[in-house]
Amino acid sequence: MQLHLTTWQEVETYLEQSSGIILPIGSTEQHGPTGLIGTDTICAEAIARGVGEATNSLVAPTINVGMALHHTAFPGTISLRPSTMIATIKDYLTCLAKAGFKKFYFINGHGGNIATLKAAFSETYYYLSEINLPHAEQVQCKIGNWFMCPSVYKLAKKLYGNQEGSHATPSEVALTQYVYPEFIKQAPLSEKVASGYPIYSASNFRSRYPDGRMGSNPALATPEHGQQFYELAVKDLSNSYLEFINAE
Amino acid sequence: MQLHLTTWQEVETYLEQSSGIILPIGSTEQHGPTGLIGTDTICAEAIARGVGEATNSLVAPTINVGMALHHTAFPGTISLRPSTMIATIKDYLTCLAKAGFKKFYFINGHGGNIATLKAAFSETYYYLSEINLPHAEQVQCKIGNWFMCPSVYKLAKKLYGNQEGSHATPSEVALTQYVYPEFIKQAPLSEKVASGYPIYSASNFRSRYPDGRMGSNPALATPEHGQQFYELAVKDLSNSYLEFINAE
Amino acid sequence: MQLHLTTWQEVETYLEQSSGIILPIGSTEQHGPTGLIGTDTICAEAIARGVGEATNSLVAPTINVGMALHHTAFPGTISLRPSTMIATIKDYLTCLAKAGFKKFYFINGHGGNIATLKAAFSETYYYLSEINLPHAEQVQCKIGNWFMCPSVYKLAKKLYGNQEGSHATPSEVALTQYVYPEFIKQAPLSEKVASGYPIYSASNFRSRYPDGRMGSNPALATPEHGQQFYELAVKDLSNSYLEFINAE
Amino acid sequence: MQLHLTTWQEVETYLEQSSGIILPIGSTEQHGPTGLIGTDTICAEAIARGVGEATNSLVAPTINVGMALHHTAFPGTISLRPSTMIATIKDYLTCLAKAGFKKFYFINGHGGNIATLKAAFSETYYYLSEINLPHAEQVQCKIGNWFMCPSVYKLAKKLYGNQEGSHATPSEVALTQYVYPEFIKQAPLSEKVASGYPIYSASNFRSRYPDGRMGSNPALATPEHGQQFYELAVKDLSNSYLEFINAE
Amino acid sequence: MQLHLTTWQEVETYLEQSSGIILPIGSTEQHGPTGLIGTDTICAEAIARGVGEATNSLVAPTINVGMALHHTAFPGTISLRPSTMIATIKDYLTCLAKAGFKKFYFINGHGGNIATLKAAFSETYYYLSEINLPHAEQVQCKIGNWFMCPSVYKLAKKLYGNQEGSHATPSEVALTQYVYPEFIKQAPLSEKVASGYPIYSASNFRSRYPDGRMGSNPALATPEHGQQFYELAVKDLSNSYLEFINAE
Amino acid sequence: MQLHLTTWQEVETYLEQSSGIILPIGSTEQHGPTGLIGTDTICAEAIARGVGEATNSLVAPTINVGMALHHTAFPGTISLRPSTMIATIKDYLTCLAKAGFKKFYFINGHGGNIATLKAAFSETYYYLSEINLPHAEQVQCKIGNWFMCPSVYKLAKKLYGNQEGSHATPSEVALTQYVYPEFIKQAPLSEKVASGYPIYSASNFRSRYPDGRMGSNPALATPEHGQQFYELAVKDLSNSYLEFINAE
């Protein structure tokens, strides 16, 4: 069930049997010469919907802009500041918690979101107790990073070895190729690719990683790989979600 | 062109010939017993993509949660506070303006967004001049409300008369039926429907409008109507967009 | 009754018979070569006091600085940012609502305030419910724009036709002449006056509207006209206020 | 010259010979059974206008709501939170400094404003340098508290001795009686009046000071005294203002 | 008892017999050519610990960065903006008040903190009532400025006369020499020292006070003086603290 | 060199040869029945000073309150909200970066700080470029978590095995015993200790972990172990710091 395709009365009925909800979160940021700007969002959304179907649970609209300030020296990137993102996540969770939701499972497509998401959860738990929400104590949030699923990680290693890299990776590009085969991009990719530099400011990032890739060779990606990644991620995260909502 | 389906190099190329971008903005809020919670988002997104194609211009990822605090007494609604939404819009526009975009055209699906959007534009113009963005003076924002297009308004009047109402309207429901025919909902609709009350707090809203509709009869909607609305809106807003980016 | 001229015990007594209050809000911004910088404030304050007398209701101190960022390229303009104005209005309403006020009627002299005021109302309703104010649900806000009263609009059209324009209008200038006949200003006004440009940044505004007027000819204003506008506005808004506080 | 009664072109001319401006700031708060809620505002505004005339300088619109949170348990009080007031003062000063003003002289009627005003000045100096305002280094703010003028203090001591107290004082009440003789209030005043308690929360304040007075006997006030206070304050603060704007 | 050297169970026990806590607050800012950057923090911390011992009360970790924006043109200075400091103090007090503390006694080493601290107290009292903390009404904050203790002031006058000055004073330098005799600094001090200029922006401050001192001659300081200041301050503030927590 | 024990002129000299600074950051939070509330701060501060000496570099005053909202149901805990902590870190870094510092190395004693610190770094890089700081691009931040140093981790495993746990661990308690042997606490520790629960709200945390420990047996700690941990951490982090400041 996708929240945007339900009615409020269906949500009311859903809440009678579950207080869990899945929130896909991605990013709108450069992904190298051949990666789609929406890569993180596309992956998170597709997998979240797969998990929603597999577990018969509700999936919120995708948060498609996240924390990507370090990519903003490349055109097309849109990012929230961390403080804005905290306010945004707090607003989302407050609305949903007031309606009766208690278990919030974020399916995340972007490593850069993790720190701010965690900060936002802390901020929100505290806030919900300050507004005296009756079930504030029961509100729980968890992040499921599809790209960190053991099965996904293993397959990426097997298929790409070191050429997986850490941004604009063949695994995430493959997944977008599976979802959008009509948008597979071709562009020259230099054989040498920067890697290993820490992430600081946006302009520093662009000077270190001039084409946007971090150690990756996305030319290895295929839609067939993408399907495999998709299926592994859905399976792993479905189990993770069920475990989460069934825990006390 | 949809931003999330392009690469940063394609955006760079695009910016050589245009500094305009279309930003669809909707809402995640109750739309009565038969209207989808994503109605405003679905409409804005579909029309924005239509306008993007018609005008060969770039379409940003859809802002799918807006200002809907007055609907939050119905489960499933998610809303930003106005102050959060201002920060969010400011972050979006700052990123894009730094990259070289100057003309921001918001295709809006929700009346409740208008006031906060306008406030956000004012806040942003001022901010861009304070951070000394070289082309701050040239940044321009405009809202295109599809449901206020003269041709749309006229057709709604002709098809539904007074039963168009002002929330969960047959016209917007029709448009979602056209986009998602597999999600046409059936639910009992009382013949009598509340209308005419001003909008105050969320709990007041729910006590005034107990099933979420405001004077509307969405049972009149058909996917065929939806297609008509879609085509009219795309045409009108395409003209409006072109006029906007061609103005000095 | 003007709040600043009462004692707290008189307010306590007032609250026994009414929970309504009138809040005049203007702006401190350029009004062309002959318009007073306080035009919007002067008009809102005078009319609000008139309505207060006519309806025997309490009038708060005038909010004399509003949202006028687009005028800040002209010296003498003072503006809040929208986010500051939202915080300000929230603080005002929270204090007054805690004291027992429920119906807040803003008599507004500046079109540029409307969007931010509406955003502030939404923010405040939500906030009052979060701090668990017992009567949060009953708090209601409404804006009465004197310059949009049908009778005012009609008279302006009749007296000035197209030369009414939309900023530094003869109608508002006339009203200030009625209130402050000793401050009627003379300055050369070019016959040609800019009009029709949308409002973006402050510097853009000044380059479009070099003397500050928007399509208006304030030389047509007379104190006698001002008196007529004053009386029409007081009458219309008094009715509007009474209707508002008497509604459920 | 009162800013709200000038045109932007007059301000432009004024700036050629002076970069100083006077900003009256008061409060909207209970002043005991016979003191007007606007006492602090009325005093600050009247004196500021007197100083403006005496020194031929510009007077901004009165900031009529300040930091009075500790009075909010009495109905009719309106207060900004300190953080809101800092944002407000920063917005005022930023607008005016961009226009060319450099010397900001606040004529203050309320002791409770002082701490937050000082905090706001620090915040603003820093901010103006961060937005790279060319003359940021020359911006200077100063507070002139009329009730702390040596001559005022001396007269109050002479006329009222210990009965001057520290809130709802006969001296400030007298000044309002001089300005608004038609609003002299009568109400029973208990002979015993609380005094000496520190100021903490609003509810604590009201329980300590049940009628709102702090050690004062406002029944001693007369309009004639008020005139004396007015004249002394205008003289002292005019000198102070001139010294301020003439200093480097 | 120093909070950081206790366990939570010891704090629980402490709260059974006292709801008071001492919070040392200093600053990290230039103190002239021979004064330590931590001068204000060192003094506040040492004295607070002395008071804690003398009164058998709990001492919180020292707030070692305060409001010192006007010193930021000298390297090594770290300052919070006033708005950040208000948020910080509010967070501290909220945590401690929720745990049962009611009386907060700040031992302050920096004049520049006073205004913002007072603003923070007002903000916090109000906030605690809005989150419905049961004992919000009983929360009380007080500042004890060691350098303003009558006995301290008298001794400084006697030892240094006018050469005490108002920043980088021999009295505070002496106190740091007593606490850290191994860090007594030697540097050339011009005989002439700036004094009497008001405090505005950081760059203005540095141009007025080129070596950082304000009218002081810290060369007069000795560790023995420091001990005397320390003992006087501990005695005076211990009395002040006991009076504070014993008051209703 | 400890910043609080230097003069501004010494800092100026230091900046001629290094633009690096070490910032110790801990937390003020419960650490079980025998752990000091200042455990994280004590460890971070001691190690940071050791690293400062070993590398001849500057150490800022310790940030002794961090992000510990989940511990706030235990008395004595003080925490910033993540949004406050971001503002605080941004203020620190802005002051220091303006003075010429470029490399910020945080020595961290609390896992709960990591997410918010990272968010704060992103927020700050972006902010520094918006205020047009000339060397904004060169500003770099890095976190060194002493408890994650490979050598530390290995020793803890060897000494305590599974009884190391994850909060109020014997390793951190040992380190505080080494620093403060006079504050070694004794209290009954149940043999069974909760472990494995995820961290959500403060009240949830306390109900899961009733005595505050997370799977640890701090009774195993000795001051001698503490010294070993101290020395290992200083060695590892000194290397890490040097590598950081020597990298481009």
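Every chain is named by a letter (A, B, C, D, E and F) in the order it is written, and numbering of its residues begins at 1.
Methods note: a contact is a pair of C-beta atoms (placed from the backbone, for glycine too) under 8 Å apart; a residue touches a chain by one contact, two chains touch by 3 or more.
Owing to the predicted nature of the structure, the values given are computational and were not obtained by experimental measurement.
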Task: Chains touching both chain A and chain C - done: B, E
TODO: Give me the chains shared as neighbours by chain E and chain F.
DONE: A, D
Open item on the list: Going by average Cα coordinates, which chain is farthest removed from chain F?
Closed with: C
Task: Proportion of interface numbers common to chain C and chain D (over half same, under half different) - done: same
TODO: Please report how far chain B has to rotate so that its Cα atoms sit on those of chain F, a copy of the same sequence, as a value between 0 and 180° in steps of 5.
DONE: 120
Open item on the list: Averaging over Cα atoms per chain, report the distance between chain D and chain E in Å.
Closed with: 29
Open item on the list: Quick check: how many Å separate the C-alpha centres of chain C and chain F?
Closed with: 53
Open item on the list: Where in chain D do residues touch at least two different other chains?
Closed with: 72, 81, 83, 87, 131-132
Task: Which pairs of chains touch, using the document's own definition - done: A-B, A-C, A-E, A-F, B-C, B-D, B-F, C-D, C-E, D-E, D-F, E-F
TODO: Could you please specify the touching residues of chain D with respect to chain C in the complex?
DONE: 2-12, 15, 28, 30-38, 41-42, 60-62, 64-65, 72, 74-81, 83-84, 87-88, 90-92, 95-96, 98-100, 180, 183, 185, 187, 212
Task: Interfacial residue positions of chain C with respect to chain A in the complex - done: 130-132
Task: Contacting residues of chain A [partner chain F, same complex] - done: 67, 69-70, 72, 81-83, 86-87, 112, 114-123, 125-126, 128-129, 136-142, 198, 200-204, 207
